[in-house]
């Protein structure tokens, strides 16, 4: 480092408490939250150092759901990794499938027929609705509204899951996308069902917002809590609704315009405080935009094949090379980095998990807040442990 | 259920059923306790992975686990009767699961929900994945599926209730917590490559595999 | 005004409570053991093996133990051993069959890849999910006797897909028969041309083979020939007599203890 | 955005003496990358981040790749004159060459300000054992913090200058680096009813060969594995 003659900046953010008996803070209390804790969305653990009730240091501990996804991906064929991607972010199997399919299609130069691209958009946006509605429910659960908002959220989620189930055969683990298309075609009845749910979802959102958004307790607990600056967010690689809540306009559906997203007319909602309330509101607004995308996609869905005729299901061996494919998942940028050496198994199989990287700034958001707020801040990051630990 | 009530001399199950039809309920304290127990199984609010989402779905309006008296998900193991191991148990998490199990008061029950909890499931070849939670703690009901539907969880719960209802306080079919022996299960330690020990031989003995079909 | 947001939320809750007595939109609970959700046709849980005939599942398995599913299965929960001998399948063609076919449902991830890769339409997804058990080692490892289910059951759970599969199999079978006939005719013509000596045995047997096979399809009413077995031309005479599944059933039953 | 050649030339001009090589990607994606020499890597990364033209302010993905030591057999055809005076024979000569192993860290950089990318940079360690060090880029991009820890945990790359280099996914007592290609996982194959391939070999150590390979005599009718004799766990082990 020294031979360049450049002055290096200190790492951005982070806490500076060295020990529990810090001379400047007096007696501190170290609390281990998790891995079994009702508010940590699974088996996440935080080592929190408290000065009274104020957080002075917070170190996340990972690995309690480290299921060796990448190692298994390197030991099986390209196709066999597809059902495993369902289990990464288990709320959003369709977008995980798409990101993986996109990376493999990039690796092999595999085209995708138009109808499949539209179906992917429809399913990805339905997934976004499903994820954001669950997040809204869980976030409210974390503020102490035990049960009620989550009941509303899961009532809507079940409707979307019914759609997924009747199309792909499974509620959560859809395993639907293939390299070069999709597995089964959507019937006219299915599309009519999807249209029905899309059209009614706005009404549900109105009801849900009436229930929650204006609620004084929610505002008091979330506004100004866990604020994140755009500079830190960019440096820490934050993506998805959490980044846009800080006001940075970066949505891969616009930036990369992968698939057929360039054909749809939609807006990217941006926040301006970067606090927990903004992160909640961005998700609600994104759901409304997803509904317009869904309506356009369902209207314009072309007829035609859903699989590229040259695509191979068995014996798929891409040429040697590497590719990084990414899409805008509901939680942020989900990417797959693949290195092929020409054999049926990938040489290197890497998942770029959005919620893992988004947790980088958890400590920065929590410093100076009370421990009760740490729970809400974590809830607003929207993590799924299957993806954080893989 | 099928075996005669040995400790109520003179009355068989059929006779008691006959009496019940006439409005006379003959029961024993044991059965009454078992009935109460089976209808108020409080699970631990403990989710590990994908199956946890289906477990939450089972407690929501559509499937409504409250109809079985199990909607009270307790955050503390001290207040819970049922450990639903819902998802992949990694080796890093296994000691904590065993510790939670040890902290639950007797009588306690364990459901292994989903392929991962039973055997490691699709992830069983992973270096950090425990091949089934029954290597360390006794499991009462196994629910296969990846993930099982919420109905499948309810089906498993009904089976568990049936098991609790027919439990015996004495004799050869005594329930686990009334049998002699230490109810503290050893918590595995982190080794340099694997858990130590990798399984608890007192609860887990794999049988020999015998392939019987021959052409 | 402070508290108006709370009141608004309470209004929504009240509306839902009232609605839960009459509005089907808000009456979402499915009372599971008594009232079952209608599973969609595409629903999948664990695989099963399709057999043509319910009375003799082991003799009419479509599976020819090619072991492709075993190789492709992502969590590797299928174990197959090929038979050493061959046995006539439902269409009368001599085929290798699975001597052992085990699926470990405690590992299976219900991904349907075995169904996708099977070239013989022999393995399909079942819809039974009420399989919770207390027996870890015996009840969750399914062998071929537990896995085999008749085609009629397949039609019952996936009607659209099964009809499509049957149509495809029928077409493939017809094509194979045509090919066999053509080949047989060509062989006969060749024999007739080459050996002018009166030895016309080849022609009758060859033509007799094809009708026999046709009769077999009629009696089962479900087509069966695996598509990959297209060049059948060489064997039809040998396979013909033992072909009828009705005859075949008791003979091959010995291997399959019920 | 500038091409990688242009970026390379500018880096070389700005940092004389630095090593920058273009790594071409033969695959369909054609995502080429720049391999940076370790001595100037951190400074070059800072330059990439702050350069007005590039503004690669967002490091999306950090990952490790293991390239174990590889034996490469090269065959060359040499004509050997026949000592008996006949025509020269062409003999294939095989030379063995050992390509040294190394660990590689790959960074995918994008620009949120200019909305372009990716620029892929790679850092390669000298070997896989005692000199598996690369400079940490966490001071440049905060997003590398956890991802570099993960690469350290799973691959064993040591990041010089990382603020908090500890294991992240595995427990602290763990000694191996499991994502390396030569990692041997612990043996827990006591109950493997459906083994194949490498798993079969490992499971064989726990079962008598007859149970897994050949079919046993047709004893029980139902064909499920018998639970009758739960042999002690140590018994089947060799």
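Remarks
A, B, C and D label the chains in the order they appear, each numbered from 1.
Here is the rule we use: a contact is a pair of C-beta atoms (placed from the backbone, for glycine too) under 8 Å apart; a residue touches a chain by one contact, two chains touch by 3 or more.
Fair warning: this is a prediction, and the values are worked out from it, not measured in the lab.
Steps from chain A to chain C, minimised over paths through touching chains, total 1.
With centres taken as mean C-alpha coordinates, the chain found closest to the middle of all protein C-alpha atoms is A.
Chain A and chain B, compared by their mean Cα positions, are separated by 33 Å. Mean C-alpha position of chain B lies 35 Å from that of chain C.
Inter-chain spacing, taken between the CA centroids of chain C and chain D, is 41 Å. One finds 26 Å separating the Cα centroids of chain A and chain D.
Shown for chain B are the residues in touch with two or more other chains, namely 61-62, 92, 119, 122-123, 125-128, 132, 146, 149, 206-207, 211, 213-215.
Looking at chain C, residues 28, 74, 76, 81, 99-100, 102, 104, 107, 109-110, 137, 143-145 sit in touch with two or more other chains.
Contact with two or more other chains is made by residues 169-171, 178, 191, 193, 199, 215, 218, 221-225, 227 of chain D. Taken pairwise by the contact criterion, the protein chains are fully connected, each one touching every other.
Every residue of chain C that touches chain A in the complex is listed here, in rising order: 2-6, 8-9, 11-13, 28, 40-44, 68, 72-74, 109-113, 116-117, 125.
If you check the complex, the residues on chain D that touch chain C are 191, 193-197, 199, 215, 218, 221-225, 227. Residue ranges on chain D touching chain A, taken from their complex, read 15, 25-29, 31, 39-40, 42-43, 46, 57-61, 63, 65-66, 106, 108, 112, 115, 118, 120, 135, 138-139, 141-143, 145-147, 154, 161, 163-164, 167-171, 178-179.
Residue ranges of chain B in contact with chain D, taken from their complex: 91-92, 119, 125-128, 131-132, 190-194, 198-199, 201, 205-215. By the touch rule above, chain A contacts chain B in their complex via residues 35-38, 42-43, 63-69, 71-72, 75, 83-84, 87, 90-91, 150-151, 154-155, 157-158, 171-173, 385-386, 389.
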